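In the two complexes below, chain A is the common chain; its partner is chain B in one and chain C in the other.
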Partner chain A sequence: MPLRTARTAPYLFLAPFVLSFLIFGAYPIVRSVMLSFYITSGPEAQHFVGLDNYLHLLQDPDFWTAVRNTATFALGSVLLQLPLSLGLALLLNRADIRGRNVFRFIFFSPNLMGLVFSALLFMLILAPRFGLLNAALHALFGLPSTTRWLSTPGLVMPALIMVALWLYTGFNMVYFLAALQAVDGELYEAATIDGAGRWAQFRHVTLPGIRPVLIFVVVLSTIGSFQLFELAFLLLGNSSGPDQAGLTIVMYLYQNGFLGGDLGYAAAIGWTLALMVLLLALVQLRITGTGKEAR
Partner chain B sequence: MQAQAVDTAPGRLRRWLDELPVGLAPLLIAATGLIAGLYLLVHPVPGQRADLTMWVFGALHADAYQAAAGSFAADTDRTVDVQLINYNAVNQKLRSALWAAVNVPDLVEIEKSAAGGFFRGPLDKVGFLDLKPYLERDAILDRVPAHALAAYTDRGAVFGVPHDIHPVLLAYRADIIDPYLARRGLRMEDLATWDDYFRELRGLLVPDERYLLQIEYGDAWAFQIFLMQRGGGIFGPDGRLRMDDDIAVATMTWMIPLVAESGDRKVAESLGNWDPSFYRGFIEGYYIAALCPDWRSSQIQTFAKELHGKLRVAPLPAPVPGGLRTSQMGGTMLGIARAAKDPELAWRFAKSIYYGSPEQHGRLFRTTNILTPDRRAWSDPAYHEPRPYWSGQALGEQFIAVADEVPPFYSSGFLPSAQAKLNEAIVSCYSRYRSHGADGFEAYVRQRLTSAADYVRRQMAREPDWDAEE
Partner chain C sequence: MRRMVVYTLLVLFALLCLVPIAWLAASAFKANADFHVYPVLPPVDRLTLANFTSLFTQMPFLRFMMNSFFVAGATVILQLFFSSLGGFALAKYDFAGKKTVMGVMLATMMIPGPVLLAPMYELIYHMGLIDSHLGLIVPGMVNVFGMFLFRQSMLSVPDEMLQAARIDGCNEFQIFWHVVMPVSRPIVGAFCLIAFMGTWNSFLWPQIILQSSDRFTLPIGLNQMIGVYEADYGAMMAGTLLAVLPVVALFFLLQKEFIAGLTKGAVKG
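And now, the complex of A and B:
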């Protein structure tokens, strides 16, 4: 009976996945590469342009606007979110904090609400003249209450970063909490005996202890930021905001493919993004020295 | 013997299970999949049995068409499945369906700005049927203002019939403006030009507290209304890009100072076009008038109930004496897919919902305030009855009065790109005016619009000549 043989059974069990991956994963990937060499308007209207989509993309100022916006978002998100997540995790990992489980739930709760609800909520919070944020800024600092967060080019990206901060800080905090709880407590005891202060303990015990998770979160956050679409789309709509201030790479892909109808150019944008994300991840891993241990 | 078999069977099964190389779990998963598959084979999900499928993105449209589908079924013994799909999802689903030639609806409604993207490619490969022969055969062209078809006409083919024509009027706070004008012996209708409007109402302006008009300057929405009112447009006939012509320059040079000036020279402001702030601003009198296509009048009714009896509509003040007193904004087309199972039947249904009885259109107007392009329907009482919300005005009559003057809107596959560049230009001109004032502003506007248009022209230049290739 073939199922009993260790040689064939794994292949049999893997076959459904491999088949479905080939059909729904590999084929679309190959097809999208091919598509990126065409200007398209439907399957029966494809005009082969070779690498022209890619060359045009590199000279397309809107693409570079999208790259700049996306990089700003990624940088803002990572630089603000991660220290905040880590700080919250350190705080809520302490045994002497009362109600820490409640706080953990509160900080994580934005993830339970769903992106669409969060976007709607922030549209109200950021509304000019009648929004909560403007009201608070007006009451606290006397700032104008008519600030148009989502309609002023220079404010769109800070607003997106702010919403992302609210949405994802708690999520990253959970990763850090899990990592912190895995750090051996005896190391802290030893460090204390050796006279290490809090900062020294953080630098020499905590950070090395959570380093793999830290790298994982940084890489994932960067990749996630470069794929930003839903949040910008929900808050700004098809237009991507005033002066394209909220235009991200994926948004630009969507505009060309699904609004403009040229899936070929959209595919070229998609593959360029994939390449950028891959390079970025490799650079991050290289900087952090990940993988060296294995060698 | 029998007793021995009973004793040994469980043992044999256990041995067999123990010998499974990757444990029991995969077997259970496989078994569950098998059982589920067998169940589905025995109880298949009922297939789509309707004779026609239609995709619609507006809930009110869907309600009306579902009701019409009932009557259609009674008259013809043929069924129509009207599916309500999110606005953005319609475009994506339709594009995917056309690409894959799977699950293509027989009829579909598409919003005007997205329509052009579906008309790209060789004429005979466009996913929609050319409806011109149907419109000619059934003598419908005479019933519809010619401009209403412009957005859906490409290279002479009519790929969609218009659901609406969307004339733009001015919705204004009658409770504030009318008494003020009356004291000066004037009526709103007397303010024939925008210059008249801003001059005569200046006394109502209170910087940071009350503005005379809502104009959004973060996108091209209001700009397009003014542009078309002046006879301009983003595209002209035959797909010609004209977003940087003299009319566009004049419109921008005129509009931007209204919102970008300072102090009491600033007469217009916006808190957004679509979010609750817009309605709140109108309710609280932060601005006392707004550009109002027919569909927006319905939204204002829904989201600004506090303004019941306080609003009226009036023709738009013209850019120049004797100029156009309306414009247009928005629109929806109905297309019949080339892949439709029974195009003739699909056309019959399309005709029944778009060019049916006046009563049917009247019902739709009562719920949506949307004016049908079918002139024959304009006689229905619904268009002539007073509306308490609009201070007793016969809202339909107001829109009908300007319906034939509505300027044409020309679509293009490059419309999204052009609109994006226009948005950029508007924001940029606003910033420039804020920082430099009127000094050299016209030259800046011209340069900015030209560079925006050049970008779109470069994109358009990449487009192959599909029909020549054929």
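And now, the complex of A and C:
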């Protein structure tokens, strides 16, 4: 009898997952592919158009604006966040630093605010006349305190990148710290005996040691950046900023599907986004040579 | 000398992290008229509690907060139960189809969430759950990332413990509940925090399906307040401050487990 239950038990235990996956995973995936071949207005009226949504998307200037903005954001965030978070992790990983845990907590603390509430806070920090940023820039460098960060086209993306930097640097640092602590200390001793300097040690011991985590963080940050929505939406509103300077891919999806009611076009935008994210991840893995090792 | 440079860099970045949060705390006690006069900090005697009182007396802030607690609480409890149960099955049993399940889980995590927004909206619409809290809770009942987390941690529970419990007459569910779950307490803590933060902060999906303001969760409600009570900056900041407090409290309660859980998959994987 116990043997029998042990045989059926795992299936029963997994039943909620399987059921929920079928309803809220598999079905929407299939349905989303289908939807992308339709023009819809709301969940009721639908009209089959084949590949038209995708063809239209390729010629849709607004979509390309969104792609450009999103790519700028992703590139800016990854290029600034990763070196900074790795640098901080290296500093905090030194044994002779006092208050390591305090620093670690402080660097992580913006993350406790969460994306949405950070955006609400930065809405006021970035405000032109009474915002903290302008006040600080004025006090430190004598810059005018009237900079309109969120209504000057060229400043919108830098502002978003800055908020993301504030929010996620400490989060990535936690990953890097964990990776650094897992690097075998004896390797450093051996390198020192061989006469390797700090830079040589970093290149030949540290970097190879943390490579899997480094790649993990790069790929994850890129994927996450490509799904930027909340920051842009909360800081800029439905209109996506001056000259659509803050229009991101997911925001464009939202505008078409949920303000415009065309779920079909939204689905096509979604799959195009998925394809871009997949390609980017593959390229990044290829460049770093991750696939080869596994084989 | 070198140590001085290191500390300077660390302190500088620490300030960059803390100053916006300190400004939030200060602004929550700032009168609206003072925002223009004192961009940084007003004199202490000008600080006021008026922002908090108006949140609760003139705005439906309490309603938003209760909605958020209900949705996040229900989601976390359901996710905790279903994800740990599924993770247990994957960690401790051999059965036909296990590889398929793991493959499907991995594939699910690869698909960006926004891809499913349109069909999910349609589905929730046909289920009649638009503008309801159930529409927020039900689609997120199982957390695939959580299932991986539980599987990873439960792999290290010795099989002898399970065998001993079986001999003592436990059925398989009792083994899960009375033997494996108690020793998995750290990962339960980590998971609860991660799941709570995720739900508490969720914006896009609630923004899509919630319509009536008395069902709004905090992120939606606070954002809406900007439009309705224009220029009430103080109340905005007071509301934001109160909205992040539960996460902070939970973090202090569970921080050890959280850091361990966060890095477990990354470092070993």
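In this section, the second predicted complex is superposed on the first by the 277 of 295 C-alpha atoms of A that agree within 3 Å, B and C clash if a C-alpha of one lies under 4 Å from a C-alpha of the other, contacts with A are read in each partner's own complex, and residues count from 1 in each chain.
Following the convention adopted for this analysis, a contact is a pair of C-beta atoms (placed from the backbone, for glycine too) under 8 Å apart; a residue touches a chain by one contact, two chains touch by 3 or more.
As the structure is a prediction and not an experimental result, all values here were calculated from the model.
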When chain B and chain C are modelled together on chain A, clash or fit: clash
Contacts of A:T146 with chain B and chain C, given as first, second, both or neither: first
Touched partner set for A:L273, first chain B, second chain C, both or neither: second
Touching partner for A:F13 - first (chain B), second (chain C), both, neither: both
Which of chain B and chain C A:L263 touches, first, second, both or neither: both
Partner chain(s) touched by A:P43 [first = chain B, second = chain C, both, neither]: both
Which superposed partner A:P158 touches (first chain B, second chain C, both, neither): neither
First (chain B), second (chain C), both or neither touched by A:L112: second
Partner chain in contact with A:G209 - chain B first, chain C second, else both or neither: neither
More chain A residues in contact [chain B versus chain C]: C
Which of chain B and chain C A:L124 touches, first, second, both or neither: both
Superposition clash, chain C against chain B - the stretch among 21-29, 147-155 or 165-173 that is involved: 165-173
Doubly contacted residues of chain A, that is, touched by chain B and again by chain C: 5-6, 9-10, 13, 43, 123-124, 129-131, 257-258, 263
Residue ranges of chain C touching chain A (in the complex, touch as defined): 3, 6-7, 9-10, 13-14, 16-21, 23-24, 27, 35-36, 39-40, 82-83, 85-86, 88-90, 93, 95, 98, 101, 104, 108, 110-123, 125-126, 138-139, 141-142, 144, 147, 166, 171-173, 176, 197, 200-204, 207-208, 219, 222-223, 226, 233, 236-237, 240, 243-244, 247-248, 251, 255, 259, 262-263, 266-267, 269
Contact set on chain A toward chain B in their complex: 3-6, 9-10, 13, 39, 41-45, 47, 49, 52, 56, 61-62, 123-124, 127-131, 146, 148, 150-153, 237-244, 255, 257-263
Residues of chain A touching chain C in the complex: 2, 5-7, 9-11, 13-14, 16-18, 20-21, 23-25, 27-29, 31-32, 35, 43, 88, 91-92, 94, 96-97, 103, 105-107, 109-110, 112-117, 120-125, 129-132, 134-135, 145, 166, 170, 174-175, 178-179, 182, 212-213, 216-217, 223, 226-227, 229-230, 233-234, 249-250, 253-254, 257-258, 263-264, 266-267, 270-271, 273-274, 277-278
Footprint of chain A on chain B - complex, ascending: 16, 19-22, 26, 30, 88, 91-92, 95, 98-99, 101, 114, 117-118, 120-122, 125-127, 208, 216, 218-219, 269-272, 274-277, 280-281, 286, 413-414, 416-417, 419-420, 423-424, 427-428, 431, 455, 462-464, 466, 469
